[in-house]
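Next come two complexes built around chain A: one with chain B, the other with chain C.
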Partner chain A sequence: MTRAEETLRKKPKKWLINLVFIVAIIAALAISFSGSRINWTRFETIGISLRIMFTGLADFKFNFLFGTDPYHFEEGVVYMTLVTLAIAFIGTFIGAVLAIPFGFLASVNVVGKKIARIGEAILVIIRVFPEIVLALILVKGFGMNALTGVLTIGIHSIGMLGKLFAEAIDNMDKSPLEALDAVGANSWQKIRYGIIPQVAADISSITLYRLDINVRSATVLGIVGAGGLGASLILSAENWNWDILGTILLAIIVMVLAVDAVSSYLRGKLL
Partner chain B sequence: MIKFVNVSKTYANGVQALKDVNLEIQDGEFVGIIGLSGAGKSTLLRSINKMISITAGELFIDEVEISSIKGKELRMLRRNIGMIFQSFNLVKRMSVFNNVLTGRVAYHPTLKTVLGLFPKMDKLMALNALDTMGILDKAFTRADQLSGGQQQRVALARALTQNPKVILADEPVASLDPITTVQVMDDFARINKDFGITIVANMHHVDLAIKYATRIIGIQDGRVVYDGPSRQIDDKTLVQIYGRSLKHDEVLGES
Partner chain C sequence: MTKFTLENGKTVTKPFNKIWIIVGVVILLLYLFSLLIPVNLGLIQLSELKVILQKMFSPKGTRTWGDYFGYLLTLQEPLVDTLSMSFAGTLIGSLMAIPLAVLSAKNIVKKAYIYLPARTIMNLFRTIPAMVLALIAVFFVGIGVLSGIIAITLFTFSIMSKMLYEVIETIDMNPVEALESTGASKIESLRYAVMPQVTPIFLSYLIYIFEINVRSSTILGYVGAGGIGMIIKDNILYNYDRVGASIILMFFVILVVQLFSSFARGRLQ
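Showing the complex of A and B:
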């Protein structure tokens, strides 16, 4: 037997582990289906419902779009879209600003392993709160308005942004910090001239990406009363006002695509 | 003047990198430190600006004993000592000018430097240093746009901007090609001669060390085994430092 054949014989056998995984996934699917009690009879009428819905959705209400007669501008979709955008923008900004110190606190490079673990734990605690739960709690305190949306998005964003900022700081080139030590720089000067110039582009890019996510969140958060388009969205869906719902959907699609395009363009410029 | 008195360094893992080193380096000297990898060259060099702390003995910089200093006092010591690294250690996403200007941070209050408020004189110092190194036209390009040799010149300009009495160079040409190597070593020689700045450089290439340094310190297993003028280095001293005689091509450092 040649050495190659011998090595081939010793090749690790993975098929058993793979089989266990496949069986486990199939079993989990079966259990989920049996437990969820899906009402299959609903599929018989769905065709009719969908047709009504789509003809309604295609019937845009332009006076509702721009808030002209009989609506006020503040009731129009354009205005509400702008509010949604503003909530996402301010929320992201607050989240990013707050996430910077958390990012430093969770970075092994800056504070060392022990403190970084504490910083990371704080960020995990922020992340485990689903956004909608956070919104439901804040609505009780701050009421059904845009401020609630801003705070929800701001606080929730810290979790992911802080984590990604810390990763950016830990992945950067550490050699300039050594050089700054050698010129006699103190910690603040090392942050200013060694860390910030290296991570500023990454931090901006991550924040823009988060803005993308937050525009979508701001829409959904309106459903629980945190300001923006969501409130009208849920109201029109519950009242079967397909034409109004269609108009709102159109605005959401345009807004999301626009923000996506702008943030992609800016991120491309940054890196 | 740099003076080592019975200096030893034992790392936390028990490795003894320096063993009872006694040295005196006068102002304006060009010293080349040679020896095998792991012999203690880097530890010797880095103990001078306390990037590495010695564990026994005394180390004097201009009559000041530095083994116990820390905090602001240490930073004041370091601002007078330039340092050059094998991998240049520039902030690659920052302009050449800003990289060089960081050589001035220890001269000003924290708040001013953090806000980027450097006096005009400092900015001119930075630009003059770049001019001395022949790369003034690159001042406002990003550091990562430059070649290796140019980046090492930026690092040299940063060191010059500190207005230092000493420049420590830890393998300054180890990542450069042979032609750039000669150019950068010429720059070191020029700085040494024109500004009277003491140069202490670790080097792999024996021939370069002999050509540029006026004095060679040979280290073997943490001990100084040769200390004398570079022109007196012969095969016998190289055996002392490297454990065996070097072949012709090894001396040239082209292996």
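Showing the complex of A and C:
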């Protein structure tokens, strides 16, 4: 027997564990699909549904896109897309500004381990609370309009931004701070010349990344009345107005791709 | 622009800081966008926020706290629906993503006419929010868990293929070359040189995406895709206490899954 064959035989045989694992996964999948509320008869009509969808999608509504007669400009997809973008942009800005104090609060370097734990816990709670539920609650106080969307995105973004900001602050090099101490700088000067230059690039890049995510969520927040494209999106989908839905979908795709491209270009320049 | 005269008589000019251009652009954009957000102070009723929170997190009318938490126990079925939607969707979507990810990787498929279209498909898919996928799925297969599975499968497919192809592109190519020089076929080199390098990261992404999916599937029910979200939609008009109870359940499910996910991903690394 050659050495290669010997080594091959010594290889642990894991087929039994793998088999058990695969069987378990297949069983779990089967259970997932056996949910009583799956209506398999709907599959018979899928061809008809597809035909309805594609004829609808092909019937592109230009007057709806630009908000010309019989629609008002404010009802047009172009205007609503801009509102969605505005919700995402201002919301992200508010979130980033609010996340800075939270970032400091959750950073071990700045406030010590004990307080950082509390700060982190607050951020986890904000992150875990679903965005749409937050919008659902805020709608009652701020009304069915874009302002609610801005606030929802602003508040929800704090969760992730605060965590990443805290990490950026913790990863910072502390020697510039010591150097500033040595030349007798005061706290403000330490923040201005010791901390900001180090974390500014990280913070901007994280915020741009969050803008990407927020543009996507801003499109659906309107489902609960928080402004933007969402309201017409759910109305047209529930009434099977594929012509209108197609126009909205196109707007979403173009907007998300554009924001994606701008954000990754800017992030590339920052790094 | 400020000029400084040094001791040796030379003058230095402090360079213009480009940060002011960025600050200016951000402020301009904030101003322009704020024109699109109408703020009508008459519509803001902060007291209503307190009212709704009170309604959500206390029993309604003649119901007791026992009823409030007793209702949580009746939510087993939607809870199982939410978890099974996320599980099935994550698994199927991730498996579907593997071939597309391989086709998109520049270092494996060296032909631009294959990897460019593959990437385009993936980028187009990625722009559509999961909620919209659910809306469309509900149109095809009706209200229920299946629409949720379809929506989550497509969503997972789109982000997993992107994350995975980026991993494949950064692998060490030496084992691949070594295998190919011994006469291994493309499939064999994928199996024995690429897969061992990618699998741990793939599993860690799988768990991470499962976490994202549980988060979104709790709410997908709002548009009819089954799960806890559907309970919220059904009760939002009259039974705020039930909405509140569902929100509490949702919160804990997401929290538990997130803790599990960070634990499991920590173990994988």
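Convention: the second predicted complex is superposed on the first by the 234 of 271 C-alpha atoms of A that agree within 3 Å, B and C clash if a C-alpha of one lies under 4 Å from a C-alpha of the other, contacts with A are read in each partner's own complex, and residues count from 1 in each chain.
Note that in this section contacts are C-beta pairs under 8 Å (C-beta built on N, C-alpha and C of every residue); 3 or more make two chains touch, one makes a residue touch a chain.
Note that the structure is predicted; figures quoted are calculated from it, not measured.
In the superposed model, C is the one of chain B and chain C that contacts more residues of chain A. Residue contacts after overlaying the shared chain place A:Phe43 against chain C, while chain B stays out of touching range.
In the superposition on chain A, contact is made by A:Ile90 with chain C only, not with chain B. Of the two partner chains, chain B is the only one touched by A:Val183; chain C is not. Once the two complexes are laid over each other on the shared chain, residue contacts for A:Thr7 go to neither chain B nor chain C. In the superposed pair of complexes, A:Phe33 makes contact with chain C only, with no contact to chain B. In the superposition on chain A, no residue of chain A contacts both chain B and chain C. Of all residues in chain B, those touching chain A in their complex are 49, 51, 74-79, 81-83, 85, 87-94, 98, 102-103, 105-106, 110, 113-114, 155, 158, 162, 168. Within the complex, the chain C residues that touch chain A are 26, 29-30, 33-34, 36-40, 43-46, 48-49, 51-53, 56, 80-81, 84-85, 87-88, 91-92, 123-124, 126-129, 131-132, 135-136, 138-146, 149, 215, 218-219, 222-223, 226, 232, 236, 243, 247, 250-251, 254-255, 258. Note for the complex: chain A touches chain B at residues 173, 175-176, 178-186, 188-189, 192-194, 197-198, 200-201.
Contact residues on chain A toward chain C in their complex (touch as defined above): 25, 28-29, 31-33, 35, 37-39, 42-43, 46, 49-50, 53, 82-83, 85-87, 89-90, 93, 124, 127-133, 136-138, 140-143, 145-147, 150, 216-217, 219-220, 223-224, 227, 233-234, 237-238, 240, 249, 252-253, 256-257, 260.
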